[in-house]
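Take a look at these structures.
The same chain A turns up in both complexes below, where it pairs with chain B and then with chain C.
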Partner chain A sequence: MLVIVGVPLALGFRYSMHRVFLYDFNNQIFKGLDNYAYALSDPLFIKALNTTIIFTLGCVATGILFGLLVAFLLNSRKVRWRPFWVSLFLIPFVMTPVVGGIAWRFFMWQQEFGVINAIGGIFGADARYWLLDRETALFASIVSNSWHLTPLSILVFYAALSTIPDELYDASHIDGAGPFQTLWYVVLPLLRPHVLFVSVILLTSAFREFDMIWALTGGGPGRSTTVLSILAYNRGIANQDMGMANTIAFTMFAIMAVVAWIYITIYRRMLEKST
Partner chain B sequence: MIHYILKPMSWLSAAALISMVGTVSAQDTTIRWALHPGAEADAVVDYFAPRYEEETGIKVVGEILPPDQLRDRMSIEAIGGTDRWDLGYHSPGWFGTFKDHVIDLTQLVEKHGFDVSAYPALVQNSHMKSPARPGEIIALPTTPAAPMLIYRRDWFEHPDEMAAFEAKFGRALAAPSTFAELRDVAEFFTRDAGETLAGKTLERSLYGWSDALGAGAGITRSFIVMLYSTGVSGWDENYEPDIDQPIVAEVAEYFVDLAQNFAPREAQNWGFLEGLEMFRDGRMATATMWPQGVGTVEDPSGEAAGNTAYTPLPLWENNLAGYTQGHPFLGGGGVFIFDTPNSEEAFKFLKWMLQDNEVEFGKRSLQFSRLSHFQSEELRNLKPYYADFLPTFEKVLESVFIRQGIPEWGAVMWNGTTDFITDVYSGDLTAAQAQERWAAQMREAFDAAGYR
Partner chain C sequence: MASLDLKHVGKSFGAAAVLHDVEIEIGDGEFVVLVGPSGCGKSTLLRVIAGLEEATSGQVLIGGEEVNDVHPKDRDIAMVFQNYGLYPHMTAARNMGFALKLQGTARAEIRSKIEAAAEILGLSSLLDRFPRQLSGGQRQRVAMGRAIVRNPKIFLFDEPLSNLDAKLRVQMRSEIRALHQELSATTVYVTHDQIEAMTMADKIVAMLDGYVMQIGSPLDLYDRPANTFVASFIGSPAMNLLDATVVHDGLSLPTNQVIAVPESGPHESHREIVLGIRPEDLILSDAGLGLVVKAVEHTGSETHVLAGLGEHTLTVLLRERTSLAPGQNIKVMPREGRIHLFDQQTGKRLN
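Let's look at the complex of A and B:
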C-alpha cells in the first residue's frame, strides 16, 4: 500500500514544490509553495476549478436523479423482463469512457447527422453545434458523462430498493399515497445512506474525469470544458511543466480528500443516528 | 606442404567467418524509427524500408505514432534510456527538447559524404542545427514545410464575381496580397445556401477562408503563421519578449474576426489538414494550406481539382521586419539519431534514402526540400498541378521564420501561443491581458534557464 499509493503521492508532492520541465528534467529547482501560489492566483486555474465544480455537481445531480428514477421504475412490480432491463441500463457503465465520448461526439451531438439534433428537428428546433458552442459544450459534456455514471447509481439504488419490504409499500398504498408520494415519503428516507454513498462515488469520479471530456471536446471550445484534470494534462504533457501539473493534481487531491472526509463524517453520523 | 595448403585455407576460413559474422550482424541489425503520420511515413514503411532490407539485409521498422504523442513518447523513452528508437522525427521547434539524447552528425556527414549544401540555407539552419547544440548538425531534413494560400481560380476569374467584387470594394478581384485584402475576399465569398456563386445557386453555405481551428495544435498552428508575419520573433537577442507589442494584439483580433466570421464552425474540430476536404468539395473560396494537403485539394473526385491557384501567404502590412510576403514559420520536420548502438547504421539508411534516392524520395513522400526537387523535370511533370504548386512552394521557402530551437521554445512559444490565442479567441482574456501573462511566463522561463 505504501509503495503503490505512498510513493507516487510523495513524488507528486515533491514535484509540485519544484520547477520541473520534462525537457530539462535533471535541472529541478525548489520553489516551495510558489507553484501553489501561482496556481491559486492564475485566472485559468480558477476558471478550470469553477468548470470542474459545475461539471461535477451537474453529473452528481443528474446521476442521482435518473438513477433513483430508473431504479424505482425497475423495482415496480409491473415490470417484466427485469434482468434484461437491468443489463441494458448497465451497458454505459461497462463501456470505456473514451469510447463513450467518441460515440456521443459522432453519433449523438454531431450537428448534421447526430441523434440529438434529429430529435430536436422533429419538434422544429434548429440544429445546434452542441460541442462547438461555448454555451452548450459543458452541458453536453455533463449529459454524456452522466450517461456513463448513472448505471452505477441505478445498480446501488435498485439493490437497496429490493431490500425494502413490500409491506411498507402496501402500507403507504393503504394510506392513499401515490407512486411519487411513496418515493418521497417512504423510499427516499430509507435510501438516504445509499444516496450519500453513491454521491461520494459519483463526486470523486466526475471531479477527476478526463477521458470523456477529452474525447468529446478536448477541453474546448476555448476553455469552456477545461476541467482541472485537462488543465493538469495540458501543463504536464503539452507544456512539459511537470511541476505545475503536479501542483494542479495535488490540489485536486487535497480538495477531494477534504470533500470525502466531510462526506464520510456525515455518513458515519447518519449511520449512528439510524442505529 | 600441408602447412602451405592449410594456411591459405585458414585465412579463407577466417575471411568467410568474418563475412558470415558481418552478414549475421547486418541481418541482426534493426533500425527503429518513430515516425509522424503522413505520406513520408508511408513511403518509409511501404517502400524504402523493404527496399533497404533487400539491398543491405538491414531491417528498418517504422513505428507511426499519433502526432500528439510523438514528442512525449520519444521524450519519455529517451529520458528512460530505453534505446527503443534509433531515429526520431520531430519538428525543429522542439529539437532542443532532445538535446541530451541525440548524436552530433557532423562526423557521419563528412565520413559518408552527405551533401548538406543540397538544401536551401534556411532549411539547413532550421532543420539541421539547433542553438541547444551549437556548432553541430543534429538532424537531417525530411519534411520542411511552410503554408501557402490557395484559392479557387475559377471563381476569382468569373465575370459575375469580378464585377460584384469591384462594385463592393472598388478594386479588382485578385489573389490577396495583404491580410487586409484576404479579409475582404473572405467576407465577399462567405455566403449562405440559396445564394448565387459564379452563376449557380449554392446548395450549402460557402466560407470565405479557413484553416484548422481545433483546440490546441490546430488553432496554434494557424495563428502562429500570422503571428510571425507581423515581424515578431518571440524574443530579442537579450531574451526580452517582443510578443507584448501592440501589433500582436492587432493580429490576434484580426485572426479572431476572420476565424469567427468567415470560417466554418466545423473548423474548430480540425487539427491540421482535415478542412481541406471542404475546399476540395467546393465549400471554401480560400484556405491556408500546408503542402502536405495538396493531394487532398487536387483530388480528382473533388470540385477544386484543376481549379486551384497557389500563392504565398499575404503580407502583413507595416510588419516590424520589413517582410515582403507572409512569413510563416518553417515547419515540417527532420529526423535525428538517438545515441544507440545502431546510430551509424541509421545514418547510412537516411543518407541512402534522402540523398542516393532523392528524386524517388520526393516522388513517394510528396515532400520537397532539396534543391534538386525543385529543379527536377521528372518531379515537375509528375502531377498536372505541380507546375504551379512547386514554384509557389519554392517561393514560400524563401521567406520563412526559423525557430530558435532552444529547449524552452515549445514551452514558451508554442504553448505560449496556444494559451494566448485560446484565451483571446474564447474571450476569456483580452489580448492585452493574455499578452501580459505570456510575456511574464516567457521571462520567468528565460530567467530560470539562465539566459537573462
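Let's look at the complex of A and C:
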C-alpha cells in the first residue's frame, strides 16, 4: 500500500516543485512554489478551473435531480417489472466512461443522424453541431457525464426511499399533505443525509473526470471543455512539462481535500443532530 | 364528533375479497373496538374508514354524510398508527402540529393547541425531543397528541399498543379510555387482543375472514356469543367447546356421558351440536362429568385445571388453590344456565 500509493504520490509532489521536462528528464531544477504561483496566474489554468467548476456543479445538480426523480418513479407503488427498470437504469454506471463517451459522440450528439438532433428535428429545432460548437460542447459533456453518474444516485436514493415505512406516507396523508407536500416536508428531509453522501461521490468523480470528456471532445473545441485533468494531461504529455502537470494535479488534490473536509464537517453535524 | 355508519361495505384487492358486506352503526361519542385474529380485515376496515383504502362497494357515512369519495384530510379524522407513524426528523411538537401547519393555522394558535394537548398527555417537558429520544410509551402519547390537536370528528386507532410491553400496555389502555371519557369523541379502535377489546370498548365488533361475526357490548359477547368463533375468541382461558348429540334426556358427549340440556335449547333428537362451557362455569362436584386431570396451572389468583374428557381437553377455572395432581379423577358440573349451544354446521348459537 505504502509503495503503491506513497511512492507515486511523493514523486508527483517532488515533480510539482521542480522543472521537469520529459525530453530533458535528467536536468531537474528545484523551483519551490514557483510552479504553483505560475499556475495560479496562468489564464489557461484559471479558465480550466472555471470550466471544471461548471462541469462539476452541473453534473452534481443533474445527477441528484434525475437520481431523485427516477428513484421516486421506481419506488411508486404502481410500477411493474421493477427489477427490470432498476437494472436498466444501472447500465450507464457499469459502462466504461470512454465507451460511453464514444457512444454518445457517435449516436447521440452526432449532427447528421444523432438521436438528439433527430428528436430536436421532430420539434422543429435546427440541427446543431453539439460537440463542435463552443457554446454547447460543455453542456453536452455535462449531459453525457451525468448520464454516467446518475445511476449511482438512483441506486442510493431508491434504497433510501424503500426504507421509509408506508406508515409515514399514511400519516402524512391523514395529516392532510398532498403528494408534493409529503415530498417536501417528509420525504426530502429524510433523504438529506443521502443527498449529501451522493453529492460528495458525484462531486469527486466529476471533478477529476477525464475519460468521458476526452472521448467526447478531447477538451475542445478550442479550450471550451478543457477541465483541469485535461489541462494537466496536455501539459504533461503534449508539452512534456511533467512539473506543471503535477502542479495542476496537486492543486486539484488540495481543492478536493478542502471540499471533502467541508463535507465531512457538515455530514458529522448532520449525524450528530440525528442521533 | 359525529356518528359513523358503514353500509354494506365490501373491499377486494383484485380477486381477493377481504371485507364482505360490513354493516356497523357507531353512535356519536361511542368507543368501538374491532377485534379479530390477524388477517380478519379489521385493519383494512379501519383504513377504509380513514380513506386510505377505497371501499369496493357500500357506503361510509360520517355524521350522516357519505364520504366514499372524500379525501382523508377532508374526512376530519385522526389516526394513531401501530408503529406510531411519527416523522423522525421532526420534534414531538412539530409532529403534533404538522396537520395544523398544513391547514395554514396561525403559529401562536398551533403552539397553544400543542401545549394544551401535551398538558393532557403529560408531554409538556418532552415537546422539543425527537421521536428517537422518546420511549415507546412516550412516542405513543405523541402520536395520540397529534390526533388530539386536530380535534377531529373521529379517532382511529390501529393496534396502537401492540409494540409496548405488557405493563405499559395496561397503563396506556386506561389512559386511552380516560382520554376518551374526557374528549368523548367517537373512536374506532382495532386490536387483536380480546382483553383490550373487553376492557376498553363500549361496543365490540368481532370479525373473522372479512365478515362481522357479532356486534355488542363486551359482556354481551362474553355471555351470549353468537357463534363458536366469538365463543372461542373472547375470554381467556378460552371457552370449552365439545361436539355433542341431542338425546332424549339431554346431551350425549363423545364419551357417551350425558348432561342435562337447558330448556331453551334444541330438543330434536340426534341433532349434532357444539356444546360450549366457560372454564369458570365448570364447578367441582360429587356427581357430573368424569374427567382426568392432565395438568394444573397456577396463575396466583386462580387455578387452571386442564382435564381430559376422552380425547378432548377441558379447562376448569378455580378461584381457590387446589391440591389436584395430574392423573387424578374429578367430577365437574356446568353452572346452572351457563351452557352455550351452537349448531355444528353453521356454528350459530341455538339457545
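One rule holds for everything that comes next: the second predicted complex is superposed on the first by the 274 of 275 C-alpha atoms of A that agree within 3 Å, B and C clash if a C-alpha of one lies under 4 Å from a C-alpha of the other, contacts with A are read in each partner's own complex, and residues count from 1 in each chain.
Criterion: a residue touches a chain if its C-beta (ideal position, glycine included) is under 8 Å from a C-beta of that chain, and two chains touch if they have at least 3 such contacts.
None of these values were measured; they are calculated from a predicted model.
The superposition on chain A brings chain B alongside chain C with room for both.
By the document's definition of touching, neither partner reaches A:G32: not chain B, not chain C. In the superposed model, more residues of chain A are touched by B than by the other of chain B and chain C.
When the two structures are aligned on the shared chain, A:G124 is found in touch with neither chain B nor chain C. In the superposition on chain A, A:A177 contacts chain C only, with no contact to chain B. When both complexes are overlaid on chain A, the residue A:P83 reaches neither chain B nor chain C. By the document's definition of touching, of the two partners only chain C reaches A:L190; chain B does not.
Using C-alpha centres, the superposed arrangement gives chain A a vertex angle toward chain B and chain C of 150 degrees, stated as a multiple of 10.
In the superposition on chain A, contact is made by A:P165 with chain C only, not with chain B. Shared-chain residue A:G222: touches chain B; no touch with chain C. Contacts of A:Q240 after superposition: chain B is touched, whereas chain C is not reached.
Taken over all C-alpha pairs, chain B and chain C come no nearer than 50 Å in the superposed arrangement. Interface residues of chain A facing chain B in the complex, by the touch rule stated above, are 19, 21-25, 29, 43-44, 47, 111, 129, 132, 134, 217-224, 234, 237-241. Of all residues in chain C, only 47, 50, 52, 72-73, 77-79, 81-89, 98-99, 102-103, 130, 132, 146 touch chain A in the complex they form.
In the complex of the two chains, the chain A residues touching chain C come out as 165, 167-168, 170-177, 181, 185-186, 189-190, 192, 274-275. Across the complex, chain B meets chain A through its residues 72, 75-76, 79, 96-97, 214-216, 265-266, 268-269, 407-408, 410-411, 415, 418-419, 422-423, 425-429, 448-449.
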